[in-house]
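Shared between the two complexes below is chain A, which pairs with chain B and chain C, respectively.
This part shows the complex of A and B:
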């Protein structure tokens, strides 16, 4: 029986591909007729679903436990669905840390960093990728050091520097640090993108009498805009999720960001699973919303980069 | 060009925001006390200190600028904040060599010796509570100047399920032999009696408690204050390690506990799965509010003069504080009986409460146990205190013991070597 099936499968394999191949060329017939997926396709699908599930598990756990009362959690553990929706955890966290204020701080810091870092990356990359500065490889390596060094190493030097200039306990310290760190990556990426920038366009522009500044803003910027928006979104989300440096530099509660505020719930010995989940959910929603809003820009940016 | 305009609008917005947030509040006012702590407002300490702030503002006319910090933030950034102008006047900070001891040896905390004399705090604190408040010039606790004042204490006791004991016809044990009989009775019913966690602190504390049943104060001073060498194959530690092994073999401790966290062990007691949980007073408040299905009670570990425990986290005054006098006055208010009573009536363990002020029966039981311990000088600190890496080393060793991958002798030899190398680094 099984031998028969195996044989049938083996036989069907080349036939399927033979049928599918012309289908691709004639897309109109594609929707009709039974789809002939091979065992390999199903396997890939199953693997993808399993991987997707594992990626989603932490998020699902947060979601489930955010709406659970502590009693419910104690009796049934973290894996079951809540017996009734319980919003006290979310409300308690919201009020305890003055969540709107933290949200505003995070949006402000991440937004300013994203804009400034993209601007800085573009100027750097213009010099390195299009301007072809001498020794540009080494300059890029040097700039990338900011990204490659672990933040723990940077912490003390940065602390002393910013204390000297009087920016300790100021959001500007965090903004300056992350503008530099994010633009390091941005410079690296954009410099290689600009390295392949069509020469004809640049030559045509300078023949028309455009200055460097005009070339940057009239030619290079509009063409690389999709890539720049992708960088903007990444910088925003990366900065949003930063923890160690904001924790160190934002001493006053009024200046703190969402990830720093979440730590208020971790005690010396005790943890409050349900409220911590609620806070994680609240911290995650803004980035999710931001991502969904700009998701179209993101895909457009990636495809624009791929097709020349 | 439309996009250029959008981009420059964003930039303009950013610059406006820049200008708006440029200024920050000044400090250094003479009658402002800047205060930080990390207790939630509904906890025993949170409630008591809120009242203390009110009393302080009424009596001194000064205002309190209070900020609730996270434990994590104070723990990881204290040395930087206290070395800057942003240092508060008074903050709650962790006791211990690696925390308060380290900062005091770096000169970041001010010595409280004069204030202690002036306000008489030393008379209010039992000797074993003072241990964590005083640090020598190397930052080692137990002697030297005062750098902190604890407001509350903590200790480890046995929580038990009264209903489960009654159903099995068992009494609260008063000797170790009786305790083993109780454990055996539950094991015979197919119940794992002890809710344990070897991935975090609970099993380490049980192990230390078992050693303490055979130990005297000199052993604790050797172990915690490096007064002398610790014999890692002596009676105390051999008894502890072998008993953990024996109890695991007899089914008193689940072998699964090697993967459990403290939270899991606590929850297993809350939902009635395990009838006995040996852990700290910090669970008391949570059990009071979250255990609804059964009666529970507490007792001190039988046949032990000493138990793990210590003064709690304490008030410290940064060296760069602007208003030290106000900070001392605030500390003194928190030591008053009426403020201490608030800690006591809300599930905390006050250090200087009048027992008559404690109206809540459950709290009275808890504080009674604590006072019994302090009266016989029975706070023995925690097993992981001596070195900064011993917490993980002890948990790893006990996990191997519970799993059966190592024998008791191997485990205590390994722990002894790790302990000694850590202590050598500190003492030099």
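This part shows the complex of A and C:
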């Protein structure tokens, strides 16, 4: 790992620019620039596109068949476009699960978790990365435990504990659990980011008489905001996608999240072939929308950690 | 998806080179980064985090371990039975089948995606990105990544729909092209259920190594490639000698995080087969769940979950030790 970081940190500037414009930089020494594409290159391109097509096919099939009537499906099969747009499947499923309610539940749970987990990560990381409390390595390892455990280990004790305090079947149970689990990762990442925080800024603030609490909110928070916003988006999407704990803790219909509501209805009598397809479509649309909105932040987040 | 998280952090420790790390470690041990502010004063900031961690993670973990030594049906108080659950577990054929299936999951979620991901990432970055433009490469990367953003259960429903026994898309297509004899109850027969789930997991996982590896490849100095090319190295030789050796840290991280995810896999099995037919697709996480909530054998379910935790912890430790050793070998060279 250190080998990676040596190279990356010392030379990332010139190398990234070389990646951004590789052809402009050394056009003559390269055997095949954009103008020299051999048959082999085209073959590789075709292979890459075919693989991409196969990965996308399930999405396309779901899209096409969600708007077909079951009879249309049975006569013309899954590969043709619908003869006429048929919304009954989607509407039936939408009403059956009360989709807007589930959407609202998911947004509420994921949103609150994202905000609370970022806040908690920041407090932890402030003590670990900037405060450098004694034994911080072991504290980080302990915190990371939350991320490594199979969630089945937590199921029964938590189920019992939340039942005792009257939070079973409450969205707050799920919110508290995921705030802890997500902030484990956030603490890990932020503690290492804060460990390299520009010392001069902290010194200047402390000379001006700022307290620790003021330094956290007026210096550390504004400067680390880009990292915090990446964490916020990740926490939101990861919580959205969670399944086992919401499935166990949100038993009544009115509290369920989108993935849980859709999954528990599979195999129901209502689910004819095109309604099932419609249910999958409704399940994938919200995440697809996030992906399109946050694509840049996401890829930046993914690469930020890996390249740094 | 949760697998994705550890990666970014693991690859981004605070200090760059080992020398600097040693230096900071020496100075860091004594004081906080803010002058005149004692380290002990910061414990206050850890109170909410550690208190929540204790309640949500540490206490349940300890409780769970205690339950493994009891007979507990969820109604009457747990009854201490010593090692009985563990002895039963050792002789439980379903449990061993579930771990056997975990190996199949590791093949589908670690081995195949990592190897295929390496080749595809190198292909996209090296060839398509450079000869056909970065935009096309990014577009293909986004396409490969698409299944990763779905909730695992929704991804499973999407593919499960295609594999429906009577009128699923795959069987319909097979019939349409005259291969109707190959049509099959893919998830419902013992011989194809596990391979079908494996294919689904490859589809789900593939985008993750590709995105991580493509980011890592930006570190590779293009001049290294040019030099190797001038020396007459072919693509495969360059790939092995340069690409793989430089992005090895990411390969480690991807392998570790995906292995943990493969051992923990639950959603797709729950959504598609429920471990069946028979125990053909049973995995430890689902077995623990079914003991907890279907058989109401809480003590035994806790034992399965604890065994899984031990395996995951052991795998992680072995991985990290191996990685450290490989790094030290690299440094001493």
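Quick note on the criterion: the second predicted complex is superposed on the first by the 212 of 308 C-alpha atoms of A that agree within 3 Å, B and C clash if a C-alpha of one lies under 4 Å from a C-alpha of the other, contacts with A are read in each partner's own complex, and residues count from 1 in each chain.
Following the convention adopted for this analysis, a residue touches a chain if its C-beta (ideal position, glycine included) is under 8 Å from a C-beta of that chain, and two chains touch if they have at least 3 such contacts.
Source: prediction; values computed, not measured.
J.: Should A:287 be classified as contacting the first partner (chain B), the second (chain C), both, or neither?
T.: second
J.: Looking at the overlay, does A:168 come into contact with chain B only (first), chain C only (second), both, or neither?
T.: A:168 contacts chain B only, not chain C.
J.: With both complexes overlaid on chain A, does A:248 touch chain B (first), chain C (second), both or neither?
T.: both
J.: Once the structures are superposed on A, label A:77 by its partner contacts, choosing first (chain B), second (chain C), both or neither.
T.: A:77 contacts both chain B and chain C.
J.: Is A:263 in contact with chain B, with chain C, with both, or with neither (first, second, both, neither)?
T.: After superposition on chain A, A:263 lies in contact with both partners, chain B and chain C.
J.: A:273 contacts which: chain B (first), chain C (second), both, neither?
T.: After superposing on A, A:273 lies in contact with both chain B and chain C.
J.: So, does A:96 touch the first partner chain B, the second partner chain C, both, or neither?
T.: A:96: touches chain B, not chain C.
J.: If we overlay the two complexes on their shared chain A, which of chain B and chain C does A:215 touch? Say first, second, both or neither.
T.: So A:215 only meets chain C here.
J.: Which chain, chain B or chain C, is in touch with more residues of chain A?
T.: In the superposed model, C touches more residues of chain A.
J.: Show me the chain A residues, by the header's touch rule, that chain B contacts in one structure and chain C contacts in the other.
T.: Comparing the two interfaces on chain A, one with chain B and one with chain C, the shared residues are 73-74, 77, 247-248, 263, 266, 273.
J.: Can you name the residues of chain A that touch chain B in the complex?
T.: It comes out as residues 70-71, 73-75, 77, 96, 108, 111-112, 115-116, 119, 159, 163, 168-172, 217, 221-222, 225, 247-248, 251-253, 255, 260-261, 263-271, 273.
J.: Would you pull the chain B residues touching chain A in the complex into a rising list?
T.: Interface residues on the chain B side: 3-4, 10-11, 14, 17-18, 21-22, 24, 38, 40-41, 67-73, 76-77, 80-81, 84-86, 94, 201, 262-263, 267, 270-271, 280, 282-283, 286, 289-290, 292, 313.
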